[in-house]
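Below: one structure, written as structure tokens.
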Amino acid sequence: MDISHIRDLLTRVQSGETDVDRAVQELKHLPYQNLSYARIDTHRALRTGISEVVYCQGKSAGQIAGIVSQMVETQVNIIATRISQEVYQHICGDFPDSEYYQEARIAVFNPEPVERKGHIAVVCAGTSDIPVAEEACITAQVLGGYVTRTYDVGVAGIHRLLDCCEDLYKANVAVVVAGMEGALASVVGGMVSCPVIAVPTSVGYGTSFNGITALLSMLNSCASGVSVVNIDNGFGAGYQATLINRLAIG
Amino acid sequence: MDISHIRDLLTRVQSGETDVDRAVQELKHLPYQNLSYARIDTHRALRTGISEVVYCQGKSAGQIAGIVSQMVETQVNIIATRISQEVYQHICGDFPDSEYYQEARIAVFNPEPVERKGHIAVVCAGTSDIPVAEEACITAQVLGGYVTRTYDVGVAGIHRLLDCCEDLYKANVAVVVAGMEGALASVVGGMVSCPVIAVPTSVGYGTSFNGITALLSMLNSCASGVSVVNIDNGFGAGYQATLINRLAIG
Amino acid sequence: MDISHIRDLLTRVQSGETDVDRAVQELKHLPYQNLSYARIDTHRALRTGISEVVYCQGKSAGQIAGIVSQMVETQVNIIATRISQEVYQHICGDFPDSEYYQEARIAVFNPEPVERKGHIAVVCAGTSDIPVAEEACITAQVLGGYVTRTYDVGVAGIHRLLDCCEDLYKANVAVVVAGMEGALASVVGGMVSCPVIAVPTSVGYGTSFNGITALLSMLNSCASGVSVVNIDNGFGAGYQATLINRLAIG
Amino acid sequence: MDISHIRDLLTRVQSGETDVDRAVQELKHLPYQNLSYARIDTHRALRTGISEVVYCQGKSAGQIAGIVSQMVETQVNIIATRISQEVYQHICGDFPDSEYYQEARIAVFNPEPVERKGHIAVVCAGTSDIPVAEEACITAQVLGGYVTRTYDVGVAGIHRLLDCCEDLYKANVAVVVAGMEGALASVVGGMVSCPVIAVPTSVGYGTSFNGITALLSMLNSCASGVSVVNIDNGFGAGYQATLINRLAIG
Amino acid sequence: MDISHIRDLLTRVQSGETDVDRAVQELKHLPYQNLSYARIDTHRALRTGISEVVYCQGKSAGQIAGIVSQMVETQVNIIATRISQEVYQHICGDFPDSEYYQEARIAVFNPEPVERKGHIAVVCAGTSDIPVAEEACITAQVLGGYVTRTYDVGVAGIHRLLDCCEDLYKANVAVVVAGMEGALASVVGGMVSCPVIAVPTSVGYGTSFNGITALLSMLNSCASGVSVVNIDNGFGAGYQATLINRLAIG
Amino acid sequence: MDISHIRDLLTRVQSGETDVDRAVQELKHLPYQNLSYARIDTHRALRTGISEVVYCQGKSAGQIAGIVSQMVETQVNIIATRISQEVYQHICGDFPDSEYYQEARIAVFNPEPVERKGHIAVVCAGTSDIPVAEEACITAQVLGGYVTRTYDVGVAGIHRLLDCCEDLYKANVAVVVAGMEGALASVVGGMVSCPVIAVPTSVGYGTSFNGITALLSMLNSCASGVSVVNIDNGFGAGYQATLINRLAIG
Amino acid sequence: MDISHIRDLLTRVQSGETDVDRAVQELKHLPYQNLSYARIDTHRALRTGISEVVYCQGKSAGQIAGIVSQMVETQVNIIATRISQEVYQHICGDFPDSEYYQEARIAVFNPEPVERKGHIAVVCAGTSDIPVAEEACITAQVLGGYVTRTYDVGVAGIHRLLDCCEDLYKANVAVVVAGMEGALASVVGGMVSCPVIAVPTSVGYGTSFNGITALLSMLNSCASGVSVVNIDNGFGAGYQATLINRLAIG
Amino acid sequence: MDISHIRDLLTRVQSGETDVDRAVQELKHLPYQNLSYARIDTHRALRTGISEVVYCQGKSAGQIAGIVSQMVETQVNIIATRISQEVYQHICGDFPDSEYYQEARIAVFNPEPVERKGHIAVVCAGTSDIPVAEEACITAQVLGGYVTRTYDVGVAGIHRLLDCCEDLYKANVAVVVAGMEGALASVVGGMVSCPVIAVPTSVGYGTSFNGITALLSMLNSCASGVSVVNIDNGFGAGYQATLINRLAIG
């Protein structure tokens, strides 16, 4: 119920069409139904193409299929993250059209081509960080960003990173994915003038503590302009990068 | 703005006293002003005597005085927690009436006698836990509970606790305050049939880790019916105990 | 041995029916058998219907069956928690009557209908928190509470919570179940005037640390009236809620 | 040395003005002096007005004065963060013009008016979070953003936040500052469609662990679009918000 | 009230001297007064000379003086631990006789010579560990043990330890005090056949974590026969060593 | 090489039977071969019956069989701990005589009856703690102690513990085994006058952190006379208890 | 492109063979290709025989085979670490020559005999530490060091270590591998005058925390001259030891 | 007592000058006095010029003066670390000659010029890391190394590091000192072929955790050839670097 509905209601009260008791009753639920953030929530999907994302970890194939079933009727490019190939194959027959990105563990239901605008640079330190990086890439691509990938450029051989900084300089936002000591975020953060979203990964052993070391390292980056998302949260980084990229491309 | 205000407004619209545009304007802010939880928030103080509590730690004497000044005009028994004697003495001259509980570090502005109903038992393990226990006691007393204190009954001499279990058996709710290994919560929890609110304290040294050990111990209590608040949070326990006690006394 | 037994014994001594030596012998074990908390322990089950609960994790099917076998002779509505479907199916044939709640992983042996009185609201943040929430619900229901469920109302879409606050306002006590950042406890705590029992769950990944983040968040709730139980401890929350609810319904 | 300098050098070699040995010598240091990121580093300050920021914590008044002395010759709006009033007063006489923001603990040397463009919303949960929030605000303002402040809107009284969401909806980026359980980041993140930069603060006690709880809570936000900076790092959030805001305003 | 008192009471009932009602009344408090552990508690001091020890940290001079005042009337060699010289000097005038051990921060009120029997070896790794070691030594001496001190024998120069192993071989129990990496406990544990009580100290810096590293090291000792007390808990080690030594000397 | 060997050597030098060069050569290795602790090490097994114990975790069946093979030639009652039934059954055929204690996961090779002297009380809190308690029991029994078991006496029903304190009062040393909040160690420590060896177990869930909570609780016991071994280290506790018991029985 | 290539280029410009534009183009990539650290990187393999090492954990057999395939064309003694026997057997057929060291989990492709010079002592505390120790040994051997192994010399029986210190005294560098309490590093560090590289292992249980205790112990070694690598990082220790040994042998 | 003393003794026995009993007596203490590591310990100072270093933290001025007094009689260049200027000034009058390095907090008693040989590069990330770096530098210089300092070259502006890599390439060993995220160790480790000793510093705030983040980052360095010492342990790094440098210069 938005402002025009309220106006209608009041007009009906004014005209006597609706009596006061009934209007009170209708308005009683107003605070919840008419909350601007809820309305925006709904509008946002239509306006931006970012429909609700389905986080599949910890949900059964049945639950996922049920949720997606409701969404496919009205939405396109529905993103399902952390969905294993097994689960995808189990449920994809239920839907007319879908795509699966194996490394990123992302499925897109009702896929529709989107125009990709605005550069988003995704950089990762090692081969083992690629699945998380891909989750960021696919997320950003499906949501309309133009993504460049720069993989395996860890700081132990920093010249490899320098070779590809052209992509970094063109980007509206950079996503830096690294495990172990996570130093790549600081080095990239010191090189670029765009915002950097750092994603620690659980890659490493011993005192890497499944990504805690990389996380702490990134939070303490001596370079300004670096903010951080949860360990292995490639989706979150791709989403945040999308929001920033959209601001840049107007 | 509550339901009666809305009814008034609608009646004025119905009668033509207020036109639709103006009513829309008034209702526009309705969701926030009229949200039932906000309304309840305001009503709760009137109904229950629990006015907003002022948490003084990290606030300057000036800030505290300012906040209390606003409240004293309409409310009684305003509780200010974690207020040092210095700060209290600095500001108490600004107010017509107040009381200070030194051990509990609580001040009450506009104090009014309240009828104390329903037993709340506050138990603590050692002498050093008393300030936290007192914070719980004063909170619960000012909010209308009848509080019994059982102090220095740590489990190393468990017979001391057994000597005073009469108070425990009469209580609607027990607050157990302990530092070090926090075992008292489990022992009391195994003895009583009422809910137990456990408060870990930062009393101890070395691996007591300023209350973390007691907290963990209490969270893992082998006795059912024990829930836990933050370290040294005597106020929180006294407040929670009050809510439970009020349910008991109807 | 309770007070009337002691009186009997003394009377028999007085009358010469029992001699002093024998009486000394009987009284020698008195401190343990006659401890009021032990006596209460036994009476509590009869009086309140809360018989000893069997915590099945880490026990073999044989051990569980053995314990339940002893209890079924004298008790009804025996709750067995954390019992897997496999174990339940393995042992349920040994007992005349039982029920299994799969999502809650709870079995009830010798189930008897109980009158459900007093509202207990159980709220959870996400779909993955439901098993823990159900453990709280079933516990509270079997122990005689009237439970309302409000699931999947995480704070990322706070209007969903606002839509269902009617149940919250009617409750004597609210159980809030959430993983990840556990913010739901604070939001609910700020909305209601009843006690809130918060249950952190191990739902999440990376720095959710299997529920530690939610636990810490709940312990530091800026809302008063929130206390916390162990991670995933749905039973503990349902039990504590029952104790509070019983106080409320007199 | 940039591309045009290289061209000059080569032309001089071609013409015989410079011999090969000398050119080799000059080019030997080329990789370091001519690195594009270093050049950009210098250009960035000129182009964007973001000169090197002086982080004063752990530096003596003498060291700070020395660093600023070098910068004031060529730069305006030099930001010095974490500078105490004592240190500022000790050194401000050495410089022709400066401003001090006490709550933010920021000094600006050679202050020059900047046109403020693009909305940045800074929101904080409690009164004690204000110093960190102000550090973000002043940083963003000096760097050219139009900042709106929404303070003391913690989730325990969520209607206060709802009252001021207009500012949030206009913002290109939101900075959310909160201690204790840090739930505000999730609630704001669920309300807005712009990127959210969350700043945990060390406000709290006991298990707030000087900001760790808020940090973990924010990293695990159930709302997408939230990234996090270090505890109490108001500057970092203001800086990151500036980068994003500049993208938005083109 | 012990068994003989019960017999008296029963005899009085038998003889009619005491009626049943009165006997019931007397027996009502029996469980608490007559609990064997409580009785033992009282008897223990008389039998073993270990009166209740006063832990002074976190208690005011007044509180300490009050507690000691009660004890001096009936007990000798009353040990007060963690008592600063200032506090001791403040209160020692109130008592006829006392001794203060500065390094150990222990005061003994009503000191009486005790015969020292049975060897207890106290070993520490570095000069900075001596205060904790002395707390163990004085505790053990006052409680009647014959203590040998072997200080500054850290494993970095293991020959220093080997030079003094004669004392170790004579001991009934060894107390090993060490900070930093705490390796001394393992080395001593591998050398002796008596029980070793290890005391981690908060000596060290950085990752010594105020004794946690030494604690963990000692808990993981590859030598059998090592058990551990809390960080800096010299008293606890001296007390435990006393219990063991007394067993040895019969 | 012990003192008598040195004397022999010197006598041979004196008599000219051995020349100086050869004697230097022999003495060169003396420091290592003649170290008293090494000698004691060897003698200890003969004197006390405590032969080297084989810790089997992380060793293959082959490695274990190899080690035991060497030992069986000269020793009896060889204890192998943490040996699974599978591994035991795989290797037991290689040896003439052996016993396997399934719950304790201990095998004894070349078992010989030992006279059991001196009471050792082993107490545990819950059914799930029994395997660790049994490891302590079997260790202590094989090493010659008379062990009494008191199981499932957690503090939530403290009267169960009181019922069996007779065994505790007779013991020279008590081993207390508990998981969850580990409060049993404090309660027992407050009841007995003998040394208490506390063993935290990894029993529990959530914030029990696989035994860390119990460990911390035990280290911070408010009862004196409690020392602690590593989590689940039943063997270590049984071994330490044996050393203490042997002192007691002379 | 190294200095001689730059000289060639400049000479061609001087002679007119290459024009300025083309030379600018070639030099444009110079900073990255000609960076001395990159150049050294390439030269180092040729000069020292340390080619890039392939870390196989987290890489598929296909990925490993692909990487090795590229390397075998130009390099010998290619080290692949953390490669399981299954993976090795899966891919070794693709290459003409290779060796597999099972305990060390290292494969060497294109193995060529290397002259072993300079003593490196590798010492480990227990049998379970051997795989990590072997990773260090094989690494150091393939890279040209002469390695002596001293295994199972934990400090619980320190005479075992003393028996073999000859190897330690000859070494240019010692690698000490230990789990549990990691005390061996301190004891060896106190005995030798060469640098010690300590490797904590994840051997142990309970509070060994998978190597954290050993790591902390080693970082806090009371012996100077000890530095530490990551938990279980035998390769890193062997590599660091090689660098040091090469310095020693000139 | 070394080999020549043993030979003397044996010769005296052979000649009858010393009888067997007396020789046994003398040899009885041999194992400890004659242990090669003890002997080496003494000889090392004479041979290498590294006398025992006095760690002053936690020692009183009196204790330090006492220790140094013993050493100055026989040794030169006695290093006292972590000695405050106040303590130094308090005691320096007691000694004929000494030097104080304020930033490094090191005093050298009986200073003697040493020939500095072999390059040691000390690099630090920020201005606040300089005290720790200086502790490493002064240690290495006094012990005879030629030290080059490269300060304030954090990875946020990596070109600053590249400008000064000449010093790094000449070094036998590099000491890298960094706080915050500690990424400099990885970047330097990827650039050089010599061993790198990394020193985490406690510089930073919030999640830098007083150096833990830098420590973890360095332990997880993706560059090989990096080993780590304790937080702020500049002395340890300088000492380890000295040992390596001495190997290099033969």
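The chains carry the letters A, B, C, D, E, F, G and H, assigned in the order they are written, with residues numbered from 1 in each.
We adopt the following convention: a residue touches a chain if its C-beta (ideal position, glycine included) is under 8 Å from a C-beta of that chain, and two chains touch if they have at least 3 such contacts.
A quick note: this is a predicted structure, and the numbers were derived from the prediction, not measured.
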{"item": "Contact-graph distance - origin chain E, target chain H", "value": "1"}
{"item": "Given chain C and chain G, the chains that contact each of them", "value": "A, D, E, F"}
{"item": "Longest centre-to-centre distance from chain F, chain (CA-based)", "value": "D"}
{"item": "Duplicate of the E-H contact set - from A-C, A-B or A-H, the pair where over half of the pairs recur", "value": "A-C"}
{"item": "Which of A-H and A-G has more C-beta contact pairs", "value": "A-H"}
{"item": "Chain centre separation (chain A, chain F; CA means) in Å", "value": "56"}
{"item": "Chain F-chain H separation of Cα centroids, rounded to whole Å", "value": "41"}
{"item": "Sites on chain A at which at least two other chains make contact", "value": "31, 35-37, 157-158, 162, 190-191, 206-208, 212, 215, 219-220, 224, 230"}
{"item": "Chains that touch, pairwise", "value": "A-B, A-C, A-D, A-G, A-H, B-C, B-D, B-E, B-F, C-D, C-E, C-F, D-G, D-H, E-F, E-G, E-H, F-G, F-H, G-H"}
{"item": "Interface residues, chain H side, partner chain A - complex", "value": "125-126, 154-158, 180-183, 185-187, 189-191, 204, 206-209, 212-214, 216-224"}
{"item": "Residues of chain F that touch chain C when the two form their complex", "value": "127-128, 157-159, 162-163, 203, 205-208"}
{"item": "Residue ranges of chain B in contact with chain A within the complex", "value": "3, 6-7, 10-11, 13-14, 16, 19-20, 23-24, 27-28, 30-32, 34-36"}
{"item": "Of all residues in chain B, those that touch chain D in their complex", "value": "29, 31-33, 35, 37-38, 41, 57-59, 63, 200, 202, 210-212, 215, 230-233"}
{"item": "Sites on chain A touched by chain D in the complex", "value": "35-37, 40, 44, 48, 53, 162, 165, 169, 172-173, 190-195, 197, 215, 219-220, 224-230, 235-237, 239-240, 243-244, 247-248, 250"}
